[in-house]
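Below, each structure is written out as structure tokens.
Each of the next two complexes has subunit A plus one other chain: subunit B in the first, subunit C in the second.
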Partner chain A sequence: MRKVSFPYMGTSYIPFKNLLEAFGNEVVVPPKPTEETISLGTKFAPEFACYPFKIVLGTYVQCLEAGANTLVSSGGVGPCRAGLYTTLQEKILKDLGYEFEMITLEPPGRHFKDLLQSIKKLINAPLTLKDYISITRFVWKQLVLLDKVERLSHKIRPLEIKKGEATRVYKKCVELIASAEKYRDLPEIERECELLYDGIQKRDSDPIKIGIVGEIYVLLEPSSNLEIEEMLGELGVYVERSMFLSQYTIYNAVLDLFHMAGERNVKKTAAPYFKEMCGGHGRESVGNAILFAKRGFDGVIQLSPFTCIPEIVAKSILPKVCKEHGIGFLTISLDEQTGKEGLRTRLEAFVDLLMAKRNQTKSFTVKPQIAKEMA
Partner chain B sequence: MKIGIPRALSYYAYYPFFRTFFEKLGLEVVVSDETTKEIMDMGIQDTITDACVPIKLFHGHVKNLMNRVDYVFVPRLVSVNREATFCPKFLGLPDMVICSIPKFKNMLEVRIDLKKSRFELFKLCIKLAKQFKKGFFRAYIAYSKACNSLKNYASQFLQGGIPPLGIASQKKSSNVSLAVVGYPYILYDPYLSLDLIKKLISMGVYVVTPEMLAKEEKQKQASKLRKNLFWTFSNEVIRTAYSLFENGSVDGIIHVTAFGCGPDFIVDKLMEIDAKKYKMPFLTVTIDEHTGQEGLNTRLEAFVDMIKIKKAKKEAALA
Partner chain C sequence: MAHYLGVDVGSVSTNLVLIDEDENVIESIYIRTQGNPIRAVQEGMKILASRNKGAWEVKGVGATGSGRNLAGVIVGADVIKNEITAHAVASLREVPDVQTVLEIGGQDSKIIILRDGVVTDFAMNTVCAAGTGSFLDQQANRLNIPIEEFGNYALRSKNPVRIAGRCAVFAESDMVHKQQLGHRPEDIIRGLCEALVRNYLNNIAKGKEIRPRIVFQGGVAANAGMKAAFEDALGQEIYIPKHYNVMGALGAALLAKDAKVSNTSFKGFGISDINFTADSFECSGCPNHCEVVNIKMEGKVIARWGDRCNKWKVVDSTVA
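Here is the complex of A and B:
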């Protein structure tokens, strides 16, 4: 029997676990990254490995200790290093004496056959076409719903009167969604989640708005970015993240299959400053920053793992871009050394500056588009 | 008209081509001064802190040139073959340079992407010549002369010389031979690599660099990895290492890398794991703008001594 495990990233483990279980595998659910995970990863990974690499490696060690014998992860075509994670991780872990099979899911555009073979290895139950459709429908809906409740939490958190309520509701919603067993449960859960959020007491104010751009793993996994969204929300800031897993999956798995580029408008927006695709999410970071500026945001925060190459390129370009568009800019490098209190101080200072800037210009009016979104 | 070529990054791998091409087109070529502390400091001023030293140095060389030439040549190296591309910092180099250096207006940005066909480079040269209002015929001659000069450069390496460091040939007789692997823009910049190669040679070591191995020899090792690396220079380095592991023609390998180099965390770890398997002595030297000369000397001396002792023991055991 295959005992499958995979990297932990945000809430994606819920739909992914359901998917693998429906395919007839036993799943070892990866534990949420803790300090132990990070120290395991740091111990075995090379010094200059990017932070996601270390966290994922630590998670793998924990999963293998818990009895997993198959690891599933995504591949890539470069030139970002993430596409080679599995090659090196497999080597390091086998060198440590673990025995397992590493299955890499390559993007369908260039490695379609490889991908099919990998997926075939993971299907260990007799399934009919109807089963496939119902599994996909259920898992996809769950993924979309998880993104939706997270988005809602970002929207409501700066407006809450009792601190911490949005976070509590968000956790409750994730639990509810995780408890769903079939597609038919989900619409009801969706309504329930909306009601829960509606129940939070809100004040009427126009919060500072900050867009977050950067590398996907540190954006999506709160333990790697020190729960920056929660921190900002509690400072009374409306946070919007440029990337969610459901949209990422569409762009990189579905559209790639037809050799279509996702996020065309983002790339087009970035083009005057960033002319070449250089892997990772460097160009998307620049494009999204401009889009945030056009929508009337007060500031942009770029999150990047220390030594992340595409984000370093973006980081060199972003200060100029943000200056030209009159929007505040803060860049944060994350690795195992980054401390939460230090980050909080920097965020507080950044938010104070944005606030001062807004008061100074006074003439600030909420652009109609975002006012509508906030309502 | 003066074209400035910064003495950094792709310069060390391809400069005979660029230089001959521009010269044969009838343009004056100015290469930036050899790296000094001032050039380094100028680069550090304008770049973000977590960029690697070679990138910072490139900015310094551009600043060294920008006020005394008409155009500064900044290549955007996308690919030179079908199997790999370059580090993202090479792909985004012109974008980075133009955003980081204030008042930099005279950039000659050239996108080099040769994966589509064999004629891509020729087409690019014709296009470039047109930009300077030179005819097809002249461009063709310049192109073929440039190709020859690059070939000549490569063959000098194969004969055991290191032309960018002014070393014509090395004595084969020295009893210790070491491979120094790393990217050309680190190895062949004496300031950046703290003159590591010359120091080794003065210790009586025969030095082998990735460029000194024949192309076919490296290509043979391509199947060693389940997935090719994405970066051209990294593939060169890892294949050199694998081929040397296999034929054992050197006594040890020194990997020279820059602090925070993206691709190298994968390259270095792969080599480290496999060096253990082949029982090949392996040393990683990490370089940044603060690396001290003495610390490096001590490490190199210790490494060479250790190899000499190991060799002596082996010979004694055989006798």
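Here is the complex of A and C:
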């Protein structure tokens, strides 16, 4: 029997586990990345590989040790090193003596046949068309719901009166969603989550708003970005991320199949500054920064793994973009540091700067669009 | 008369500044942290206590620097602020028309850009130690020249030697090689200052618009060679404020004054006699194995940090 495991990224393990189980596989749920994961990753990875590579490699070692015999990962195209990752990781792990099969899910638009063959390997139960529909419906709804409760936590954390409550509620919501067994459980859980968030005592204020752009892994996995969203929320900042897993899946799995460009709006917005795709999410970082500015955000933070080329390209363009659009900009390069103080210092100073700017321009009352979104 | 205290606990130095109601600096103290911030803060407080003739009524305390939370707990701070904001506040107070602050301390360096008295941009070094005070210190040691003399040596140079500045390892090996070729120490030192300035401008100050007035502060501003190298590279006059080496503490004191707290949490100058200790343990609650630190006052835990999940968070949440 296949014992399948996969990289850990945010809460995506919940729907992915359900999907693979419904397909008749045993699933080894990857552990949340910890210092142990990072130690394993840095031990076996090439020194110059980026942080996401090391975390994912460390996770694989932990999953294989826990008995997995199949690893599933997404592939990639374009100049970002991520496209090479699964191959390189497979080689490293096999050199270490692990026996397993690596299944790479390539983008459907360019490698449709490969993708079908890969998926076929993962289907180990007799399923009817009706089964497929109900599985997809359940897993998709779960994914969408997970993104929803996360967005709510970003929205409510800066307003909470008792520190840490939004984080506590968010964790509870994730548990509730993970406990669902079928589609019909989910509407009730959704209502319960909304009630939990409603129960948090909130102050009435117009928080500083910061948009986060950057490379997907460090954006989506909090343990790789020192829980920056939580840290900002506790400084009283409303945080919005440019990327969520459900939307990413639509762009890269569904739209790609029909050769439609996802995030067309983002790419078009970036065009005056950034015409070519440079791999990874470099162009999207620039486009999203502009979109945040147009929606009245106070600042943009770019997260990039140390040495990530696409983000280095974006980093050289973003200061100009943000200056022209009149919003603050801070770039943060992430690697295996686990000390949070350096980051906290920069974030505090950045928030101070944005506050001072707001007080100076006194224009913060006229941000109708955001006010509407927050309501 | 009301007084305000600022404490800046950095990796290399711990500074204390006392200002009066009119923001005059009454006392300023500079102590080497030497890896023991608790002792450094206590020693500073002891010096202050010995100079206190009972005339000071401390109405507010600010803490800053990388050890600000620790300092805040020990001294009883009303305001705990990051060092970037503190440095900017102090700079504005000393030089109201400042537009650029170059700050080089023991283990970090930063640039702060201000326009119309408001911080509009900043950067702090993240990548390397080449270009900070500790590196200069180490090189002075290696050449057997007292760090206080280092700057004057640089000024005597007529033919600066080119030293690689991008990385501390490159810089040091370059220096050794040039030294073995027979270059004079002053030319090497001047070359090193130029390399550090080049590295600073290309790395931290990259893409920032450096407009006058330019203020140079932090411990390294004492080095005349560095000031000269900055002036050469920027073609502009560099201003060094009077209290250049305690600007963080001064900023913290000013922030404490601005905060207008009615009841200060200041623990008094007597804290140098209280027994503060710190110990740590490894939490085994999850695979993160966080190193949790206990800060104890007379054996009682008053603060705790280091845990990622906040499960050990203590007690008196009003302090940290």
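General remarks:
Just so it is clear, the second predicted complex is superposed on the first by the 372 of 375 C-alpha atoms of A that agree within 3 Å, B and C clash if a C-alpha of one lies under 4 Å from a C-alpha of the other, contacts with A are read in each partner's own complex, and residues count from 1 in each chain.
Note that in this section a residue touches a chain if its C-beta (ideal position, glycine included) is under 8 Å from a C-beta of that chain, and two chains touch if they have at least 3 such contacts.
Nothing here was measured: the structure is a model prediction, and the numbers come from that model.
When the shared chain is aligned, subunit B and subunit C each come close enough to touch A:333.
After overlaying the two complexes on the shared chain, residue contacts for A:87 are found with subunit B alone; subunit C is out of touch. Using the contact criterion defined above for the overlaid structures, shared-chain residue A:164 touches subunit C, although it does not reach subunit B. In the superposition on chain A, A:136 makes contact with neither subunit B nor subunit C. Applying the stated contact rule after C-alpha superposition, one finds that A:205 touches neither subunit B nor subunit C. Once the two complexes are laid over each other on the shared chain, residue contacts for A:346 go to subunit C alone; subunit B is not touched.
When the two complexes are overlaid on their common chain A, residue A:31 makes contact with subunit C while staying clear of subunit B.
Residue by residue along subunit A, subunit B and subunit C are tallied for touches, and B comes out ahead. Residue contacts after overlaying the shared chain place A:179 against neither subunit B nor subunit C.
Within the superposed three-chain model, A:319 lies in touch with subunit B and with subunit C [touch as defined at top]. Shared interface residues of subunit A (contacting subunit B in one complex, subunit C in the other): 316, 319, 333. If you check the complex, the residues on subunit A that touch subunit B are 46-50, 53, 75, 77-81, 83-84, 87-88, 91-92, 95, 273-280, 282, 306-310, 312-313, 315-317, 319-321, 333.
Residues 47-48, 50-51, 76, 78, 85-89, 91-92, 94-96, 99-100, 111, 225-227, 229-231, 259-266, 268-270, 273 of subunit B are the ones that touch subunit A when the two sit in their complex.
Those residues of subunit C whose C-beta lies close enough to touch subunit A in the complex are 66, 81-85, 116, 118-122, 124, 126-127, 207, 286-289, 308, 310, 317. Residue ranges of subunit A in contact with subunit C, taken from their complex: 31, 34-37, 163-164, 227, 316, 319, 328-329, 333, 341-342, 344-346, 348-350, 352-353, 356-357, 360.
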